[in-house]
Structures are given as structure tokens and as C-alpha cells.
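Some structures are shown below for you to check.
One chain, subunit A, appears in both complexes that follow, with subunit B as partner in the first and subunit C in the second.
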Partner chain A sequence: MRRLLQALFLLAGISILSFILLELAPGDFLGEAKLNPQLSPATLAALRHQYALDQSLPEKYIHWLGSVADGSFGISFAYNLPVSTLLWPRARATVRLTLTSLVLSWLIALPLGVWSAAGRNSWLDRGLSFATSALLALPDLALACLLLFVAVRTGWYRSSSLTLPVTVLVLAALPTLLRHVRSAVLDVAGQPYVRAARSHGISGARLWFRWILPAAANPLVSLFGLSLAGLISSSLLVETIVGWPGLGPLFLEAIAARDFYLVIGPVMLSAVFLVIGVLIGDLLLYLLDPRIRIET
Partner chain B sequence: MKHWSVSRRLRISGLICLHVAVLAAGFLGPYDPTEQNRALSLQPPMKIHFADDRGRLHARPLVTAADGRRYPLRFFVAGARYRCLGLTSRTHLFGIDPPFRVFLLGSDEFGRDQLSRALWGGQISLATGWLAALLALGLGLGLGTIAGFFGGWRDMIVMRGADLFLALPWLYLLLAVRAFLPLSLSPWTAALAIAVVIGIIAWARPARLVRGVVLSAKERDYVYAARGFGASSWRLISRHCLPETYGLMATQAALLVPQFILAEVTLSFVGLGVGDPAVSWGNLLSPIRQLSIIASAWWMLLPALVVVFAAWCFSLLDNQGERNGVVR
Partner chain C sequence: MSESTPGPLLHIQSLSAAYRVEGGYLPAVRNWNLLLGRGEVLGLLGESGCGKTTAALALMGLLPASAQVSGSVRFQGMELIGAGEAELEKIRGAQISFIPQEPLLSLNPVIRVVDQVAEVLRAHRRLSAAEYQDRARIALEHAGLKARDLQQAYPHQLSGGQRQRVLIAQAIVCGPALVIADEPTSALDPVSTREIVTLLLSLVRGLNASLVLITHDPRILSATADRVIVMHDGTIVEAGPAQEVLRSVRSPIRGLPVPADKPTDAGAAAVLGTRGVTKSYHRRSKLTARHEEVPAVRGVDLELQAGRTLAVVGPSGAGKSTLARLMAGLEKPDAGEILVDGRELGSRALHRRIQMIFQDPGASLNPRFTVAEALAEPLAVQGRRSNLAAMLQRVGLPENALSRRTSQLSGGQKARLAVARALAALSDRESPCVLILDESLASLDLSVKAQMIQLLMDLQRQRSLAYVLIAHDLSVAIHMADEVAVVSDGRIVERGSPRELQSLPHSRFSALAAAQALGKDV
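Now for the complex of A and B:
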């Protein structure tokens, strides 16, 4: 409950911050319209009033909060539509992309990480750690460009398919996850109680699933929220590069058009995604780790 | 230095070569990066030969020019005027005889030499990265020290502010802050603006780390003793707390500079960074956003490899822990 309240404060803080930033921005959406000789100053003033651009910052903010309450998130100047109607389909596409990649990357990272930790210094472990180092050094942007290039060249590129963006996102998220899974498992596997369990004759699946993995889960659950943060950022980039109709392209367009509320929308949404991810991580931790349940 | 691994030494020499090459862009690049040549648009990279059209071997390398014939590469040729480290010069390391042009990395859709552009583009990209890291570390050091040393409401404000900045996915934050600057800026102003933007949004993490270090440093016995002898806050900070943060600052710098270079590349790539007549690695890559370019001109992807190389050189800390057995 306290975490929820904190999250709400955080979101309020972010929204105020973004309002202040955008208030400082020189020029607004009507800046170009001013140059249009067909629009009289009176019409401009009316437009200004209609879009609530003539109000002071606190007034605007309260106005916006009201629009959040009725679910429209303000009006997009460029489209002359409530921001929510533009935002939701895009947000759905982004969520579809990020969730698929999130699930997939964890599904790949967990077994691979555990496997490479179990056979430490085996050829698999060495191969994987080489691959993770290589992937880590490869920036998301370059990775996306290279994969797009390969996809276009080999002809399996489809603009509407999830395959390419998900591949990029999974490959971008995988190295960090793998490394953490491996080191978390190795950390636990080196503990005295594991040695004790071994000396009691517990081995194989029981040792791993009963004793090692539950104890290793703790740091990984905390990583869950963080990995989501990385994914959201990379997804913006990947969406723009491969032309996936998610929040990213809309956001860039809105910035270029100085579409005030359409800029705030995605920023807030991304923060909401992240906050939800961190909350889910906390909740999981609470369910998994009895120590935390006792503390709170 | 002796215990450094081979790969680490390679990276460091790569880093030095990269910076030297980028600084000497005017000399190493055969042409002016903005010079257009519409007739020679989207030329593939030229092959270097040591045999001429009739199969005779030469010591001097030859390149296949646009007309399909081989021409000798000339060294230390006079070409476009450029400035390098405050000196004006016309000498370029190599070139071919005037009616033809040499494109070792190909040319873009306006017929500009990609090699020269990649070299010149590094200037803005690297400078932005370093400047942004300097800003972020400076801000983080200042605010983190204030928060850690004085505590109380100052600590409260700084740390809540840091939470705010850490709560957003970095790219959204970067773009949102970028949105409050004018869209079109002159190249160096844009680079400066981007550095400032990155510095503004990235201070939070170093500030948190510095705060932790300062918090523990100010509790040391000798700091209490110094305080008892009447040392001023300023002296306590500068003499006893800050020196403990130097190691942290160095590791942070090694982590942040490449991140910030990539941030600039990303911003310019999506068209919100350094604008067109000027070059940075980001807008060098932005033609790739058109599928037709990717499908027909593979060499437009080569700048991505330059970025990858730079990122690899900068990843100095990545494997170090692993090799020393810290991260097992």
C-alpha cells in the first residue's frame, strides 16, 4: 500500500516536471499558424483559447489533471482529437511488443543462465559468456540496424510482423539477464548450506530445484522491474527503426510537431509501465521471500 | 598496467587511435564532409588493387574509379581547406587525380564521401559524449556531496529529485527533455544543447553513488577529529570526503562516456539531434531508416560498425570484474 502511494507521488512529480519543461519550450503548436496570412489574430486568439494555450502553468496543469480524470489526457493539436484515442492503439502495440520480448527473454535467460552456471567453465559456459560480452558491446541501435539489414536482404522482413522487433529486443535484453542469472545462481551454489546438502547426499534435480534456485530467485526478481525499464527504452528505438506502429513513432512525431499533450502522454505512459513493472517485481518478491514478509 | 589483459590493451589502443583519427579528420578524410557530388550518389566502396588494368603490379595502391578503370592513389595531396587543432591546411593523406573521386567507404545519396563523414562525425559524437559525462558527473558530484554531507532537507530534496529522474525510461526522458529545446539549431549549438540535456537527465545515478560514499566518509574518526579541531565544512568536504569519490568518478566516467555517445547517436538518428549539413555518427546512420537505402546500399551501414567499434573500445570495465573473479 505504501509503495502504491509512493508510485502515485512519483507519477505526479513526473507530470509536474514534464509540464515545467514543456512550459520552458520556446514556441508552441500555433507558432507556425502565426505565419499563415489567412488566419486573423482574432482566430488565432480563439484557437489559443480553445487549446488552453493562453492559460498559466498551474491552470494548464489542473486542466490536464481534469482531462486525465475523464480519460482523454488532453487534446492533440495536430490531430484535433483527444490524446487517448491516439494513444491507446499505439500503447497496445508497444505493450504487445515489450511483453512478448520480456517474457521471451526471461524464458531464454533463466534456463540458459542456470545451465551455464551448473556447468561452470564448460564449453557452453565459455561460449555463452563470449556471446554475452559480444552482445553487450553491441549498442541497441547498431543491433537493430544490422538485423533490419539482414531481414531486408534475406527477404523475411514484414512490416507488420512481430518477429524482427522482438528478436532485436530479446537480443538486446538477453546479455544482462544471462549474466545476472548466472552470477546469482553461482552465488547461491557456493554457499555452505549447499555444500552441506551435497554432503547429505542430496543431488541432481532436488538440489537445484529445492535448494539452489529458490534462493537465487531473490535478486532476479528485483532485476525484473529494471529489465522492463531497459526494454521500454529500446523498444522506442526499435519501433522507430523497423516501423512498428507503437508509442515510439507517435512520440517522435509529437515532439517534432510541438504537440504538447501528445508529448506528455507517452512520457507518462512509459512511467506508468515502469512503475507497474517495479510494483509487480516487489509483489513477487513479497510472495517469494519470507524474510521480506516478516520485515514489513 | 602489467596485469592488463590483451583485450583490454587492444581496447585502450583502439580508443587512442579512434580519438586521434577523429581529431585528424581533416587530414585523414580525403574530402570536405559536406561537399556534395550529385553525379556520384550512392557509390559503393572502391576496391584497392595493386595491379593496374593491364595486370602489371605496382607498389602504389590503385582504386577502381566511377568509370571502371583503375587510378593510382596519391598521398599527401592538396584538396579542400580544413581546420585541425587550430591549424588551417589543404593537405590530405590520400586522394586521386581530380576529375575522379575516391570513396573508400562509399558515398551517400548526395555523393558525399562516407569516410570523411564518419571521421568528421566522430568529432561531434565524441565531444558530446565527453562533455555530457563531464556535466553529469559534475552535477552528480556536487548534488551528491551536498545531499550526503549536509543531510536533512537538502538530502531529501536531492534524493527525491533523483528518484524522479530515475523513474523514467532513459530514452523517453531524453526525448522529453530534448522536446523543450528549439527543433533546429546550428550544429555546435545542437551538440552543446544535447550534452547539456544528457547532463541534466543523467546526474541522478552518480549523485546517489557519491552520496553513499560521502555518507560513509564523513563518519570516519579522522573526519570527526578534524571537525573537532574546527575545520570548516568546505575543508572537510574538499580534503576528506571528495578524495574518496575519485575512484567512483573514474569508473562512472568509463561507463557514462560511451552511454552518452550512444545517446547522442540515438538522438541524431531519430532526427532530434545534430541537423543535416553537420555530421555526427547519428545522422550519418539516419538514411538507414529508409528501407530502399538498406535494400540497395549496404555500405550505408558501415558507420554502424564504427559506432560498434567505438562502443567496444569504451567497454573497459565490462569484463574486468569477470576476469578478476569478482563476478563469477
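Now for the complex of A and C:
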């Protein structure tokens, strides 16, 4: 409950901050219209009034809060539509993309990380360590461009397919996750209760997945929430490059056009995702760790 | 009690084990030979760091891969040294089971204890899920953990004795032929110790298994072991029937020369004093969010002169540790004053004349530091330099220990290093200094404890140190202290020299001593 309240405060803070930052950015939606000699200053002023651009910042903010309450999230200047109608289909596409990537990257990272820890310093571990270093060094953008190039060349790329953006996102998220899984698991593997388990003859997959992994879950669960947030922000970039109809392209367009409320929309939405991710992480931690569950 | 079954259960021949350290190998077990019969109870006695645990781990193949093991261990005719991991896994827990040392650290914190027992069974038998649970439950019941909710609990919800019972259940669930118990009682109070040892013995007899009981405490072996072997520095130095061997092993503390009564100089100024010191803790009830005040120390007046030792004794929860922290300046009193040389404790210079050594000397050392780094740290904080080797020598540590990591030291060596570090932090001026020892010797073996007492008393003589000894173990207090203060409920209820207090038949001190003596004769 207290966490929920904290989350609301956080969201309010983020919204105010993004309002201030956007207001500080030079120019507004009508910036280019001003250069058009056919529009009289009177028309411009009328337009400004129509779009409520002549209001002060607090007025705008309160106005926007009202629009949040009625679910429209303000009006897009460029599309002349409520932000929500533009946002929702895009958001669904982004969520589909990020959730797939999230699940997939964890499904790969957990066994691979444990495997790499179990065979510490084996060829597999060394190979993975090299691969993750390489992937970490490569910016997401470059990775996306590279894969796009390969995909177009080999011809297996279809714009409606999730494959390409998911591959990029998974490859971008994987190195961090892998390294954390490996180090968390290795940390637990050095504990006396693991040696005790070995002295009882517990070994192999049972030892690593039943005995060690649950005890290593604690730091990983916190990472889970953060990884969701990370995936959202890198998906905005990747979507733009591979042309996935998610929030990314819309967001970029809105920034270029200084479409005030259409910028705020995605910003707030990804903030909400972050908060949800962290809340899910806390909830999982509560479910997974008896020490936390029983003491509260 | 040993039965006449053909062939020994365990036949160890010239077993040696060494750990790899920088620039070579450190031998921990040297040339062991041992025959263990079926159903026999063998006591393995030795001080910490003598290689007892290493020997047990070596014969189960559980030493780190970097360790060097040689010799032969034949278990029921099968050679274990050099056997494949898969074969060893079949034997561990099923044929030879091991009860590890620390009951809290040896249980997985996120798995219910009944499942942890079932997991051992699962590693060795193919049964249905319900059967695993049933058998685990039965094993826990045999080990004395009968209540259903205790079986379903997580380790952190259980007491030390209950955790130890879980470890015992894990050890017996597969019906092994040999149980090795590594200091199964070191974390327990005397009453639970007796219970656990009796339980272990009856369970092992029920299985017709052999038991190797590893301990540093000869008292728990006298009534349990058929044979006892004594280990020192990796080698077996004595072996024979329990009663014979134990007769020759005497409590090392009693062997120390009793110090002569120091002349009391009533006129001498106190180096450390407390005047009406009071401290309470605030606790917030989770349910009602109401603050309650828990008084820990209420109006304590004490005085301590240079070169003398004050022991603060009393039952746990009496406020001894709070008093120690107050005197060390780690906490501020709610009322009253702490005086060093008559001045109120506050300035840095005064703080530097008081040092504290905590309950577990090992835990207050950073395991990643080398000994040299650990020693140099308090000096660096004060911007001083000193001869580190000489400091080690003063506490009886070899000079070549400087480059070792603190985690590689034995319990006794860590205690010595903690003393060296405290001495380093005390500024080397003429002015007398105070060392506060908060149960610092409690976790040590008897023989190491005796050595530490000797060291502390030598240092006191050389440097005219004043000691405040927070002690639970009265034998140490009696031996070292010039004056004893008995604390109860945050107040000093008795003061006097140990002899005075011992001679008073109805003193609290005598009552405490009697309670300890009763609990101890296992």
C-alpha cells in the first residue's frame, strides 16, 4: 500500500519534471507556422489560443491533469485527436514487443547463467564471457542496424514479424542479465549450506536449480523490474529503426513536431511501466523470499 | 559398544591433505592412520585449526579442487581417494553422512526444513513425492522436531538447537553406515548440548552405524565415545580408549598460573570511569506503531585504574554489551558521563585511548584484507606508521603472516590479530589506555582461550593496560579480573574481587557460577 502511494508520488514528480523540461525546450508546435507569410499574426494568436499554448505552465499542467482524469491525456496538435486514441494501439504493440523480449531474455539468461556458473572457467563460461563483453560494447543502435542489414540481405525480414526487434532487444538485454545471474549464483554457490548440500550427496541440476537458484533470486528479482524499464527505453530506439509500429516512432515524431501532449504521453507511459516493473519485482521478492515474507 | 562384524567400516592409511596457498601448500592433515569398526563411536579431539574438519572433508572428497590429498581411505572395501565424483555423490549422504559445523549457515534460507531433508532423500532414492515428504517428516520426528509447524518452518524461524536437529535429520534420513558430526554442539548452550549428543548417539545406535564426533571439548566425549583420538597440528598425537585418553587431557585454563593479587592502590586516579550512566533503547511495536522504551543500562558507576582488569558479568540481556559500547564511546549515554582520566569522553584524543574487541574477532576483520592491510588501517586513519612485523610479534603471530589474507587465519590467529589491531589503534603515548573485550574470547576453543588469556595478561603487564572484560564465562573472569561487577537488569548488583564474591555463599556471583557448573558437567 505504501509502495503504491510512493509510486503515485513518483509519477506525479516525473510528469511535473517533463512538463518543465518540455517548456524549457525552445519553440513550440506553431514555431514553423510562424515562418509562413500567409498566416496573419491574428490567425496565429487564435491558433495559439485554440491549442491552449498561451497558457502558463501550471495552467497547462492542471489542464493536462484534467485530461488524464477523463482518459484522453490531452489533444495532439498534429493529429487533432486525443492522445489516448493515438497512444493505445501503439502502446499495445510496444508492450507486446517488450514483454516477449523480457520473457525470452530471462528464459535464456537463467539457465545459461547457471550453466556458466556451474562450469566456471570452462570453455563455455569463457565463451559466454567473451560474447557478453562484445555485446555490451556494441551500442543497441549499431546492433539493430547490423541485424537489419543482415535481415534485408538474407531476405528473412518481414515488417509485421516480431523476430527482428525481439532479437535485437534480447541480445541487448542478455549480457547484463547473464552476468548478474552468473555472479548471484556463484555468490550463493560459495555459501556453507551449498557445501552442506554437497556433503549430503545433492548434485547436478538439482543442486543448481533447486538449491542454489532460489537462494540467489533476491538480487535477480530486483533486477527484473529494472530490466523491464531498460527494455522499454531501448525498445523505443529499436522500434524506430526497424519500423515497428510502437511508441518509439510516434514519440520521435512528436518530439520533432513539438507536439506537447503527445510527448508527455509516452514519457508517462514508460514511467508507469517502470513503476509497474519495480512493483512486480517487490511482489516477487515477497513471494520468493521467506525471510521477507514472514517478517512483514 | 563396538560389534564384532568382519572387516573395518573405514580404513584410513597415511591420509594427508594440504591447501594451496601463495607459493606452496599448507599441510592441514599429515599422515593419518585409522581403523574404524562398525557401530563404533570415535571421538576426534583437537583445537580449532588442527585439521579435524579438513580430515573429515578429505575423506568425503569435499575439499576444494585446488587442495592436495594423498593416501588411502577405504570405506566398506571401496577406495574413496581418487574415486570419481559420481561415485562419491552416491556415498555422500547415503552411506557416509556429515553434520556440518554451523547449523544456521548450513541450511538453505529459502527452503522449508522438511523439504531440505526430503531433498537429501531425493538425491539417493527414487520414491513418490508423498513418500519423500513422509520419510523426511519421520526423520525430523526422530531428530526431535515433532511439531508440524516447525517442520514446515524456514531455518531462520528455528532456534539453534532446532536447526541442529534438522541437520541431524538430514544425516540419518538415508540410513547411513557412518555419521561424521563436526562440532555439532559448538553453537549450543550446555543443556541443549547434552540433549543433542544423547539424541545423536541413540539415533546412530538405532541405525547400527558408526559415529565420528569431532569436537574441541573433551567433556562431551567422556560419556559418549568408545575411543578417542587427539589431533594436533594435523597429526594424530594420541589414540586409545576414551577414558584413558581423556584422563590425560586437562582443561588448559586451569593449568595457567594464577596471578597474584595486585596491590590495590585506592588513591590512584581512574583511567576509565562512568558516573550515573543510563541508556534506553526505543522500540516500535510493529502492530500498534507505539514507541516503547526499553532500559538497558540504569545508572551505572564504575571505576577502573591503569593496569587492572574489571570483569562485567551477568546473565544475557542484563545490559553488559550496551555498557561496553557506552564505555567505548560507540553510543552516547542518555544521562551520566563516561570519564577518561577524569575528562568527559568526547575528543578524538580521548577516544584513541579506548579500543574495543568484539564478540567474534573474525567477523570484524575484512576477509579481503591481508593481515598487513588490516593492521595498517587503524594507523592510516590516524596518519601514523609503525613496524607491522613487530606488532605481530607482540601478539605471537609469525612475521610471514603479513601477506596472508585474514580469511586464511584460524580462529585463534584471528583473535590475536584483533588484539594486535586494537593495540595499533591505541595511540602510543605515555598515557594509560583501556581495552574493552566484549565476549571476545567466547568463541575460542579452550586451549586457544588459555593462550589468549596469557597473552592479554602479558600485554597488561608490559603496557599497563586496563581491561574491561565483558564475560559470560566465569572461569575467564575469575582468572583474569582484579574486580568483578555483577550486572543484572541494567544495574550493578554486586562488586568485589573474584575471591570475595566466590567466598560469599549467597552472592549472585556464586549463583551464576553454580548455574554454569551445573549446565556444564555433561
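Worth pointing out:
Here, the second predicted complex is superposed on the first by the 279 of 296 C-alpha atoms of A that agree within 3 Å, B and C clash if a C-alpha of one lies under 4 Å from a C-alpha of the other, contacts with A are read in each partner's own complex, and residues count from 1 in each chain.
Basically, contacts are C-beta pairs under 8 Å (C-beta built on N, C-alpha and C of every residue); 3 or more make two chains touch, one makes a residue touch a chain.
Computed from a predicted model, the values in this text were never measured in an experiment.
Annotation: superposed three-chain arrangement on subunit A; subunit B versus subunit C shows no clash, the two fitting side by side. In the superposition on chain A, contact of A:232 is made with subunit B only, not with subunit C. In the overlay built on the shared chain, the residue A:200 is in contact with subunit C alone; subunit B does not reach it.
Of the two partner chains placed by the overlay, neither subunit B nor subunit C lies in contact with A:71. In the overlay built on the shared chain, the residue A:192 is in contact with subunit C alone; subunit B does not reach it. When subunit A is checked against subunit B and against subunit C, the one touching more of its residues turns out to be B. Touch criterion met: A:210 reaches subunit C, while subunit B stays clear of it.
Rounded to the nearest 10, the angle at the Cα centre of subunit A between the centres of subunit B and subunit C is 90 degrees.
Nowhere in the superposition do the C-alpha atoms of subunit B and subunit C come closer than 5 Å. Put simply, subunit C touches subunit A in their complex at residues 60, 62, 85, 89-94, 97-98, 100-102, 105-112, 119-120, 122-124, 154, 156-157, 167, 170-171. Residues 191-193, 195-203, 206, 210-211, 214-215, 217, 288-291, 294 of subunit A are the ones that touch subunit C when the two sit in their complex. The touching residues of subunit A, counted against subunit B in their complex, run 10, 13-14, 17-18, 21-22, 24-27, 120, 129, 133, 136-139, 141-142, 145-146, 148-149, 152-153, 157, 179, 183, 186-187, 190, 229-230, 232-234, 236-237, 240-241, 251-252, 255-256, 258, 263, 266-267, 270-271, 273-275.
Residues 160, 163-164, 167-173, 175-183, 262, 265-266, 269-272, 285, 288-289, 291, 294-295, 298, 301, 304-305, 307-308, 311-312, 315, 318-319, 322, 327-328 of subunit B touch subunit A in their complex.
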